[in-house]
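Common to both upcoming complexes is chain A, partnered first by chain B, then by chain C.
Coming up: the complex of A and B.
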């Protein structure tokens, strides 16, 4: 295979070809605002919608990657096609990143031939990367039954996953100390399944009770988030865990308003981005015009009025 | 960000590199030191610890669509293991991932590795800046290849 052309990438994605899937993801990651990236997404989009996107979030070190290794193995054994995306933070200083989530799942990935991709967040806040939205579309169109997404793992800040995933798994465990209160403040509302990992450790049952009590006090929707204890070192609790994931899949499938809500949120973000892109050069052109700025300063025009005037002119 | 660290070619598109130590001898802290140095040079580094087989190295490189695979071996098996990685890449038709080597490699083996397309082949104690420069050059070739087909 030589260097891949866009039509080969598209066809390859639909055929489930790994090289094409990988290259497609690189295109949407590195060249996301180009015609090539848009063409890929446009052409594969009609083939998306089958996969269940399962987000895994929780504080660092709680066992998310280990858990994904187990989930990949168990779900693969049941005959499902699994893909994994794991996101790590980029260094704000160098722009580089150490993508280390693979270590904890490599054995299962190799054994069951699971596709896994590591992404750096490239400075995006919220626990995801810009590219993950298109990455899951590519993996969906390539025939995945489940796409498991690991968030950066900054605890209470990792809330964007609720807009991306059909099913959000919040992983907590013993030994989080006072930190747990801060983490809970953000993530109690976004979880569809709460998992207490490291049930082999002291304090696990207390952590479980704590989460159950917090949930009991939360406002109730139609879906009641369960709390499941697991031990990711020996696989205990995984059958019940996977049952809950599948139950939530059925719940989502029977509630079309959830799909609409997801699409609406993504559309909103995309429109805002499109607007910004459209007017970016006008705005920076205006901002770099020294004469304009000098005049605004001299006339003591407040920033709101100045901005309104500019927007009127360009929009 | 330090000026010049992220040259324009790699601006917003950092070099993606897989650091692999094929085999099962797990006593090499050196590779984590390298991983961090590469990150600090602005690269996105896939760090997997051990990847036991050349097949796993190649599959991981393809799935992650890296620009460069950096192979490191200290046990003297490079002529078989590095070669196997290069052969598998060729068999799978992958020519847009660069392979660089490192470890305890006798000078006599280096031209043979180069012939297989495995460059660098730095020994322990090589200044990291030299390794990073080499990787950046190879990544630039690969990016050009991906963009233009040549």
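Coming up: the complex of A and C.
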């Protein structure tokens, strides 16, 4: 298979060619921080802004994958182009069962022509990693109408989704019990649509009421997050669910300050990365000076004071 | 209760006064990035280096808390001063059950005069947060012989422990089954002592052999990680376990390059944070300029190009 050149990748992405999209994502995922990755993003960026980015978060085992399957099926039957990005857990102690889940999801999605990509959320950064943001841009430029991003429900990345997505779906279920107290912190603030899955199970209506009451006590913005019950086994509630997603899309479209806020947040991170790049060679030059480091260790200089001294010198 | 002044906190830490230690940790945890926090660390830093920092990592439910209870009891009966730092999960969807675990652990540890502190691993940084590093310094300067740091086994922080601890204990158990493949990645490289818990259970010896075989295939350094079996219910194996911890301590002591490497890693992070501080006001000045941001959004400038431009201007 011929290796694609960067300009072919860019053109292919804009044409909606899947091979080019996959290749582009691999570049921003694996060769992040290279000129090639930056060039791809720079050139496709003016063509982004069409897709609605829908983040889906919720505790593990709540049925997010099945829900994404149903959502994708319903939306693609309506003629929309759907892409799915699944963020993998970064725990070094798990992975097996999640991987199986992903493969099953990929199989069911491909029936509907949905493009799906799993991304490892690597590095020491517990928020969503840069490659997730870049992947969404590529999928957007390639003509997706909806980009569904699923987080695993196991870390800070689940809160960070609010910075990436236009619309955040929080999936909860019956039988949360005491856990509801723990869930309230942080997560109630980021949801635009709350979905109670497994409405056929006992306790589902209580859970719904619980969430509604918690939301009623939350500070009120212009958008009132609805609480929807769905049953993923028979598809019940999905039409109302999709309606709410689309309503929120219209809300976002009519509030340009939201777009600006998102861009600003992304810019802030990018600036910090750029600063690191700018001073990378100075820093590694300093850190590789064994005599300098030995002296600091010998003098028992704390890392803050040492860093302050260096930064005064280089920046 | 009288509020302690910074100099009283510092003196109290050096005297091993628990109230001062707790107060000092609260300062570095909550008021991180303030002059007070930095002053505490700067002043206590020359008094650190006595304690052995023992990191304990392993999958959730493997019995890490019980193991820490046993280790602490055995070590404190030998006359050592023990501190325990428990890192909390940052998942917005859990917390309840973990909290109960922590409270039980605190109760059992206090019987032996062990100081214990739970730390939230906050912020968007998925590695161990700055406050963990600073807390360990405070406990070290306060005269602890052993500082046991427990991670939750659910994220990147579990790998980051190798940068913080002198000695990393990886706890595994029987019945890991297919999971062993997933576990191998990353985690086999960071362990200095491997412990198989629940040796009374079926499959424990198979698990032990599995780990030994995996280690035999790993690249060999000067230190050969031992694999120890313990039974936390009756204390079997703990004496051998502690011997290995102490052996590794001697190994580290006789290799000053390891101390230097640790200091260098910490310095590298601190420098990046310091860079952020250095340019903080420039960045936030830029980001709060609505006209500038609007123009970038209007021109469809990608965040990388925008960040590059700004960094060229300020740094």
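The working rule: the second predicted complex is superposed on the first by the 266 of 315 C-alpha atoms of A that agree within 3 Å, B and C clash if a C-alpha of one lies under 4 Å from a C-alpha of the other, contacts with A are read in each partner's own complex, and residues count from 1 in each chain.
In this text, a residue touches a chain if its C-beta (ideal position, glycine included) is under 8 Å from a C-beta of that chain, and two chains touch if they have at least 3 such contacts.
Computed from a predicted model, the values in this text were never measured in an experiment.
Once the two complexes are overlaid on the shared chain, A:93 sits against chain B and chain C alike. Once chain A of one complex is fitted onto chain A of the other, the partner contacts of A:249 are absent, as it touches neither chain B nor chain C.
When the two structures are aligned on the shared chain, A:18 is found in touch with chain B, with no touch to chain C. Looking at the shared chain after the overlay, A:201 reaches neither chain B nor chain C.
Within the superposed three-chain arrangement, the count of touched residues of chain A is higher for C, of the candidates chain B and chain C. Of the two partner chains, chain B is the only one that A:106 touches; chain C does not reach it. In the superposition on chain A, A:26 makes contact with chain B only, while chain C stays out of contact range. Of the two partner chains, chain B is the only one that A:116 touches; chain C does not reach it. Overlap of the chain B and chain C interfaces on chain A: residues 90-91, 93-96, 99. The touching residues of chain A, counted against chain B in their complex, run 1-3, 18-19, 22-23, 25-26, 29-31, 90-91, 93-100, 102-103, 106, 110, 115-118, 120, 122. Within the complex formed with chain A, the residues of chain C that make contact are 38, 41-42, 45-46, 49, 58-60, 89-96, 123-127, 137, 153-160, 178-179, 181-183, 185-187, 259-260, 263-264, 266-268, 270-279, 283, 286-287, 290, 293-294, 296-297, 300-308, 310-311, 315. Chain B makes touch with chain A in their complex at residues 1-2, 5-6, 12-14, 35-36, 38-49, 51, 56, 59-60, 62-65, 92-96, 145-146, 149.
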